[in-house]
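What follows is a single structure, and I will ask about it in a moment.
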Amino acid sequence: MFQIPEGRKLDCIPVGRLAIDINPLVMPQTFAECTEFGKYVGGSPANTAVGLARLGARTGFIGKITDDSLGDFCYDYFKKDGIDLNGIFRAEENVPLAVTFTEVIDGQTNLMLYRDRITADMLLKPEEIDEDYIASSRSVIISGTALASSPSRDACFKILELARKHGLLIIFDVDYRAPIWQSTDEISIYYTMAARYAHIIIGSREEFDLMDSAFYKEEDDEQTANRWFNEKAELIIIKHGKEGSMAYEKNGKRYQIDIAPVNAVKSTGGGDAYSSAFVFSILSGREVKNCLEMATVSASLAVACNSCSDALVDLPTLEKALVKAKEEHGELVKEF
Amino acid sequence: MFQIPEGRKLDCIPVGRLAIDINPLVMPQTFAECTEFGKYVGGSPANTAVGLARLGARTGFIGKITDDSLGDFCYDYFKKDGIDLNGIFRAEENVPLAVTFTEVIDGQTNLMLYRDRITADMLLKPEEIDEDYIASSRSVIISGTALASSPSRDACFKILELARKHGLLIIFDVDYRAPIWQSTDEISIYYTMAARYAHIIIGSREEFDLMDSAFYKEEDDEQTANRWFNEKAELIIIKHGKEGSMAYEKNGKRYQIDIAPVNAVKSTGGGDAYSSAFVFSILSGREVKNCLEMATVSASLAVACNSCSDALVDLPTLEKALVKAKEEHGELVKEF
Amino acid sequence: MFQIPEGRKLDCIPVGRLAIDINPLVMPQTFAECTEFGKYVGGSPANTAVGLARLGARTGFIGKITDDSLGDFCYDYFKKDGIDLNGIFRAEENVPLAVTFTEVIDGQTNLMLYRDRITADMLLKPEEIDEDYIASSRSVIISGTALASSPSRDACFKILELARKHGLLIIFDVDYRAPIWQSTDEISIYYTMAARYAHIIIGSREEFDLMDSAFYKEEDDEQTANRWFNEKAELIIIKHGKEGSMAYEKNGKRYQIDIAPVNAVKSTGGGDAYSSAFVFSILSGREVKNCLEMATVSASLAVACNSCSDALVDLPTLEKALVKAKEEHGELVKEF
Amino acid sequence: MFQIPEGRKLDCIPVGRLAIDINPLVMPQTFAECTEFGKYVGGSPANTAVGLARLGARTGFIGKITDDSLGDFCYDYFKKDGIDLNGIFRAEENVPLAVTFTEVIDGQTNLMLYRDRITADMLLKPEEIDEDYIASSRSVIISGTALASSPSRDACFKILELARKHGLLIIFDVDYRAPIWQSTDEISIYYTMAARYAHIIIGSREEFDLMDSAFYKEEDDEQTANRWFNEKAELIIIKHGKEGSMAYEKNGKRYQIDIAPVNAVKSTGGGDAYSSAFVFSILSGREVKNCLEMATVSASLAVACNSCSDALVDLPTLEKALVKAKEEHGELVKEF
């Protein structure tokens, strides 16, 4: 279905935040009661990059980190996973890396996005985007968070234009984070403009509603998907929380994806694990149905762990988990 | 050629800056030597709106002005010309209206854009854009200046999306003003994204080069035009200063437009007069060649006057001037 | 009374805004009805500098202007009046000079401060303040407007510290302009801190109330004056609009100053003329009573003119006007 | 010596940052190698408040924290130590609490001030300062960090004015943190203006040099102290790193203070412990010499602990440590 270029140096370049999570070493705990915290690489596209690399994809990254011990930790973590580091920049300005504190209060995961609106990742500049780097990859994933303000927003649109020029598969992972945006219309406008470039759009029902809010009201999944099929999109994934997710192909196929059995200790990290497994599988030439199975099992493994990035697994582990999940649950994905 | 909706309340809505020029009452003079200054409505899309209205188009406007005597003057000036005022907002913030001082030094026009980067026009918010107002018009003109920063930039993209949704003819008038932009890549990115929506793009060769700079290098007019014909564009006008301009139609027709005979007292205002006469003529259903004749004669009338807005004429005057210009100059537009 | 150093190169250095007023050539008029405008040097401390120079004081200035034709006009205007230009800097940033449009509506003067909060004058940096320049003057006048935001605020406090170190007579001219301040407490705090350095404080009753607002409530003139006499102040002038002004000396003398007969065409410019004549007279060693006479007559001449700066006169003209005013009005200043 | 008011509800109100430190549970470690981190209340004036309270002073605080779990932790920590919470505000804006990561690299303590320049503490507004709260205390401590930007800077000067009005003992603890300041002149200006109000000034030799830099060059301790004795100061403490510190009284007495024996695991926290013990002792009416002994022993206890705030002790513990330190070291303070 997808036209994905072959013979390139990299399989995928996620774009956006590479940052640090400070989580209780043992989850679930509140910030107040926890006395031992761990440090973890975080940021939705960073987790996706780690997930892709562990599964075996030749993975790059475009983002900006600080020139301090926290930035060094991120850089070294990526290095250990074999991620190509040529698209990672260091902020010259005196800004912090984005730090997120996670806690669980009464069963609810509470993310404290610890930063002002200006963190190193939001200072990625369009001048730093190298056309050759984009042209060296088969695909690119834009995280919606990177669209929240300029110059990072500008850099993303430069990447999207260059990705289009060089024929990359373009994935838009909406990844909405409320505190970094100014207004609902702004969200709707820039999500919509990024989504126009995308062959694959992944988001929750709420995220698609947000994307449409300035232009279209009260659509159902089918309407949403069909509208995007008039643009460049060929596959739309719409998540419905605990009820699983739906996938729509331009060719008419529809899939209902159940959530794999899981003992969750927090609600975060599942989305990134889902995206990384799904994109890896697509790039491997697997059937869409199988890609979706891989994605949902990957998500279930991630939410059972204390951190997002440390929880991401290699291909044999994921495939084994998929077999086991099907044994316990039956078919995870229904096509109709 | 163009699919322009009929049966709407307005013919055209220019979008962007509505501001004030302080010019010497008698041009040419330097600021230092001038002792008597006049006040004039200015701002490229504002001049275009005035031009359209005087020629007989039912004209609206979307922009933001200050809530003081300078804003009142702009508002009343538009009212006198019969421009629909429902899309004009007042800034609640304590910001100035954009004021431009014009002088001529040694034959060169010097514009002093008198403002910080944040003026009332740049504070137009996407929340203020009303879908019904967009839907009530046959066409919309986006001025590139309004793209220079958020929230005005965001409002423009909302307008472009809504204009596309409701089938308006979309004109993008590049109108580059250097001091309000941050970087060349930023210009290139947002010009490109706006131009993707446009059926007609009007700019100088330098402006098209700027638009391409992050993505394409050293194109000639023919290459530029053909690339945009792969998008939504159907007509591209590229200006070459004193050597006139070139127009390219998607259907293959090409036109060379000479500058009509003129005694210029300044170099500004010609572009707005050109755009207003051209768009008016297109909306009237005239042949492209005739539209281009009207445009170039309108420009020549404008640069012969002390102000931009006061110089704009009605249809009989423009048509008479066109007849006279052809008598003096011969054919103004050559098709080939 | 005052300890004023002798044998210095300059008599006085006013500090703060040097800018441009755009006024109707003939006052009174509204902006809407006026078709011929003039350009004038403006800014309260700039007017005071011009007034001082015309009366014969060796006058310097510390301030920042733009590097364009408007800045050049200010610079050349000062040069023509023989003002020392070594303390005048040019903004490197892309900011406008402060421009003020004046109009008269129904007898009320309406100042439109045409600028964002950041104009060239507010970008004066403490690093630009030269200790030797301060040390070369007998006195300094701080205009309260220059305290409204950093870095100009910081530069003023550096000047005040250095003026104290080198024994200059320090005059604080409150000159409140509402739109450039953020909060009443901020005004009160920084006015108070500047006033602590001053030997002479000049303000309206409203301005003294504003200065006190975070710390003291409902004082009368006598209480206000006595409180400042516990600091460095030796003379306090409190203006009461149309009812004239009061002067309080630390030694116990009090003066009531009437307004000299005048045909005012606007309400602005009087304060600057007042300050310049008063400070000139103090520096000349005149009796306080005579200083106050000179000041009130100077103010009456200024409000009768279309501009603030062009209206300022030389010493023989001012002395002649004082004689004439006394003939018409009787004693202008009563001591008690 | 000092005139300290009696009969007030509180002994002391420190002013400034109340924040969080994320330190390795076991010091010394680098960020990279550490896998278990602890959370601690931090911020120099916050540590001083905790130290004062533990020693038995009736302690208040003025500062601003976030309205999230991190802010709650600070609030509850203070509450447990019996600190009066009426001067603690919550930021309404979407800003982070200041978070500091501490690590030790090759024996050097590396503080990563994890924040943009705008953190909750810097948003304390002058409008929030209550005159009655200031008037209810015997003394106030201004931390220099709170002067780094408006509106916190403005709030500090309001506090200083009110403290002066109500006769509080005013202590200025310089506490220089480089990354939050814009320029050296700015530091020098606002340190100087705050120091003018102070009866006691505590800083390192480098901090006093920084304070003087815009106005005075190359002073020795004696010159510095004497210059401040011309203002309100009565006692000046100048620290010389590993060589201990010097104290100067206006009455002519001088003290050399040695560093008490210590096994330091980091270099931070000593200053706050020093200030809290010194101010507590002064407020208790102890001899200056004894106050200085208490201070230096308190500092040595603090640098031997993993955190700053958890290390602060009660009075019996401190007095016992003083006895022990004198046994090991001999006299800690020499008067001459």
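By letter and in written order, the chains are A, B, C and D; residue numbering begins at 1 in each of them.
As a working rule, a contact is a pair of C-beta atoms (placed from the backbone, for glycine too) under 8 Å apart; a residue touches a chain by one contact, two chains touch by 3 or more.
Because the structure is a prediction, the values reported are computed rather than measured.
Least step count on the touch graph, subunit B to subunit D: 2. Counting C-beta pairs in contact, the pair that comes out ahead of the other among B-C and A-B is B-C. Of all chains, the one whose CA centroid is most distant from that of subunit C is A. The centroid of the Cα atoms in subunit A and the matching centroid in subunit B are 41 Å apart. Centroids of subunit B and subunit C (each the mean of its C-alpha atoms) stand 44 Å apart. The residues of subunit A never reach two or more other chains; the list is empty. Chain contacts in this assembly form a single closed ring in which each chain touches exactly two others.
Pairs of chains meeting the touch criterion: A-B, A-D, B-C, C-D. Within the complex, the subunit D residues that touch subunit C are 125-127, 150-151, 154, 157-158, 161-162, 165, 182-183, 185-186, 189-190, 192-193, 214-215. Within the complex formed with subunit D, the residues of subunit A that make contact are 22, 25, 30-32, 34-39, 68-70, 72-73, 76, 94-97, 99, 101, 103, 105, 110, 112, 114-119, 179.
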